[in-house]
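Shared chain: subunit A. Partners: subunit B in the first complex, subunit C in the second.
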Partner chain A sequence: MQPNGIWVYAITERVDLTPLAQIRGVGGRGVRTVAAAGLTAVVEDVGLAEFGEEALRRNLEDLDWLEAAARAHHGVIDAVAQQGPLVPMRLATVYSDDARIAAVLTERGADFRSALRRITGRMEWGVKAYADRQPEASDDSAVTAGASRPGGGAGAAYLQRRRNQLTAQKNARRETLASAEMIHAALSGYAAETRVHTPQAPQLTGIKAPMILNAAYLLDSARGGEFAAAVTALAEQHPALRLELTGPWPPYSFAGTGGEGGLT
Partner chain B sequence: MSSQHEEEPVLVPTSVTSPRQSPRPAIRTERIALVDLLDRVLAGGVVVSGEVTLAIADVDMVRVSLRALVTSASALIKAGDDEEVPGQ
Partner chain C sequence: MTTARVMQPGAEAAQAYGSSAGGGGGQVANLGDILERVLDKGLVIAGDIQVNLLDIELLTIKLRLVIASLETAREVGIDWWERDPWLSSKAFDRAADGRDLEQENEQLRERVKELESGRSSREIPRTGRKSRAT
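Presenting the complex of A and B:
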């Protein structure tokens, strides 16, 4: 397979390729660099039969291919991130030759440098909140209310039960949303920047409880432990929500260089 | 419910680090959930327009990929439904 595409992983100031020698990228080859204007792009040569535009459109629909590519892309970025700040590229950024990559490094050098400055010494953490206890809470209150009401026919009892159930559901929803906002506000206090992602659908998470917060936080590296402890404390204060913490991540959600390079 | 997807790669967050169950903050040693990874490599990262050979719009790409995910994931969830969430 003739490699005439160049997959770009990340842009950084400099990178030592020695620790990356064992890393295999999306195309199974090793990575190399393209340098210009004091910046370095970490790249891999890829064949257009698999990574050309048409092939990519097809392959991105193939879950196995997508997963392998996402993990390989992340694997390289994560390894490079061990060496210092980087601007990760979105999956499937493919150029046709080194000269074009060098031109981008030169033309947008100022943007990349300012992004690198914002990211230096910082990592991304993710927090997701699920409205976990909602159905149980409403069921309980409905049963209690129905059972404790003497007299009245079965129909009236049913209506009352149904009304209580709906009220309880509405209240529970309002409370969990308020809790999620409080949690996000509290965690934002630790972060240099925050981003709120679209909540993941239950079909994707495999968790039936609806996700009501999917946020990313850019933290000074030294604050990771403190942040994790805060998440644990907030989870205890808000038992109706289930919190999940992920990270530290390379700063995918915060690498926007401003202007058209902005994220999400 | 078909069980043909039981052997497929894991889609649900196997590396869940629920702080209530476990105080460990880091996931580096565990397998990262694909959904969390896709949130970042498809919705995050810098988009450089113009010179790239691939001109798929961001939104398109996310939708395209999620379609692949949803198709396989919903089959997975259906297959796993019976053992799940007895209290529900």
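Presenting the complex of A and C:
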């Protein structure tokens, strides 16, 4: 029999395993729990041949493996989150036995409990803003202005046109950034907490327009509809930006017990 | 067009708003969003198996992610995961034609200088035509 490790998905106060019976975790098995100090860790036994240190290191570099693991990890967390507040673990948190997990639950019980308190009755929503429209509108006027000037060569007119274009682009850029800040400020008004994340690369989003805002909002569950309506209204007020709303998510971005989202 | 993205059964539909019809859509959460959350967010506690996603491995994963979806490493925006300010103008500079335009402008300026000095032997001031037209 191969040696096992224990993969941790989330920490919560209590969980009913019955609705989780059909859920397959990262190792393809079902989940179980480890309880201590009034807290419950949702875990899965995983073979060290695939989830040991060396294997993990290698597998995490494999995009197909990574995708499957990420989706499975998220799938379990998402299912547990339907039952109540939880602190999601980062991918690849693996312990050697139950006793070690129980010890962590006990030692850090106060931290976990305070994190759970903060997110009770709340879910995370994500809002991204893309700068969708490139400024091309000023093109025609720039051409006209350049051409009508006396004494200029065609080359100079062209150069002037390009310069105007650049200026217009810079102005539009500034306006777009200001719009994103206004949107974030407005949406923050609905949230108990917010986090601003690094924008995702176009290669990752598959969207050519640059992402200029990637924020997470921790909302009281009852405010989801209101928040979505606010996003719609803001999208109408800022037509140069494309807004994308995702959620509700388990509170990944607010899992930490401190201000910066991590126990250290 | 509005693109519905349902993240969870029973949850309110998440939507993409805006003028463009793009934006993926589909019924499952976008892989990029999931990876961002499970790799970058979530609580970090030190497990017994030491695979430190915070260090070099995480960067490698992300780099490969980008490369995998790109096919040409040349175009990789290698600083997107760095903790630069959230409204960094770098995002714009990397986009589309920002850098190309600067370059093209420079080349044009040179070319114009050549052409016009050939005809009138006068240099174009850096401020362009405006100073002479008024």
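Assume the second predicted complex is superposed on the first by the 239 of 264 C-alpha atoms of A that agree within 3 Å, B and C clash if a C-alpha of one lies under 4 Å from a C-alpha of the other, contacts with A are read in each partner's own complex, and residues count from 1 in each chain.
Definition applied: a contact is a pair of C-beta atoms (placed from the backbone, for glycine too) under 8 Å apart; a residue touches a chain by one contact, two chains touch by 3 or more.
Because the structure is predicted, anything quoted here is derived from the model rather than measured.
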item	value
Subunit A as common anchor, with subunit B and subunit C clashing or fitting	clash
Touching partner for A:I183 - first (subunit B), second (subunit C), both, neither	neither
Touched partner set for A:I212, first subunit B, second subunit C, both or neither	second
Partner chain in contact with A:A103 - subunit B first, subunit C second, else both or neither	first
Per-residue contact with subunit A, leading partner among subunit C and subunit B	C
Touched partner set for A:A228, first subunit B, second subunit C, both or neither	both
Partner chain(s) touched by A:R163 [first = subunit B, second = subunit C, both, neither]	second
Which superposed partner A:E53 touches (first subunit B, second subunit C, both, neither)	both
Which of subunit B and subunit C A:V43 touches, first, second, both or neither	neither
Partner chain(s) touched by A:R173 [first = subunit B, second = subunit C, both, neither]	second
Residue range of subunit C overlapping subunit B upon superposition on chain A, of 2-10, 74-82 or 110-118	2-10
Shared subunit A contacts, counted only where both subunit B and subunit C touch the same residue	5, 8, 11, 52-53, 56-57, 60-61, 63, 66-67, 70-71, 73-74, 87-96, 100, 104, 108, 115, 126, 197-198, 200-208, 214, 216, 224-225, 228, 231-232, 235, 242-249, 252-253, 255-256, 261, 263-264
Contacting residues of subunit B [partner subunit A, same complex]	9, 11-13, 15-20, 23, 25-28, 32-49, 51-56, 58, 61, 64-74, 76-77, 80, 84-85, 87-88
Residues of subunit A that touch subunit C when the two form their complex	5, 8, 11, 51-53, 56-57, 60-61, 63, 66-67, 70-71, 73-74, 78, 82, 87-96, 100, 104, 108, 115, 125-126, 130-134, 146, 149-153, 155-160, 162-163, 165-166, 169, 173, 177, 180-181, 196-216, 224-225, 228, 231-232, 235, 239, 241-249, 252-253, 255-256, 261-264
Complex interface listing, subunit C residues touching subunit A	5, 7-8, 10-12, 14-20, 22-24, 29-45, 47-51, 53, 57, 60-61, 64-66, 68-70, 75-77, 80-84, 86-89, 91-92, 94-96, 98, 101-102, 104-105, 108-109, 111-112, 115-116, 119, 124, 128-130, 132-133
In the complex with subunit B, residue positions of subunit A that touch it	5, 8, 11, 48, 52-53, 56-57, 60-64, 66-67, 70-71, 73-74, 87-96, 100, 103-104, 108, 115, 124, 126, 135-136, 197-198, 200-208, 214, 216, 224-225, 227-229, 231-232, 235-236, 242-249, 252-253, 255-257, 260-261, 263-264
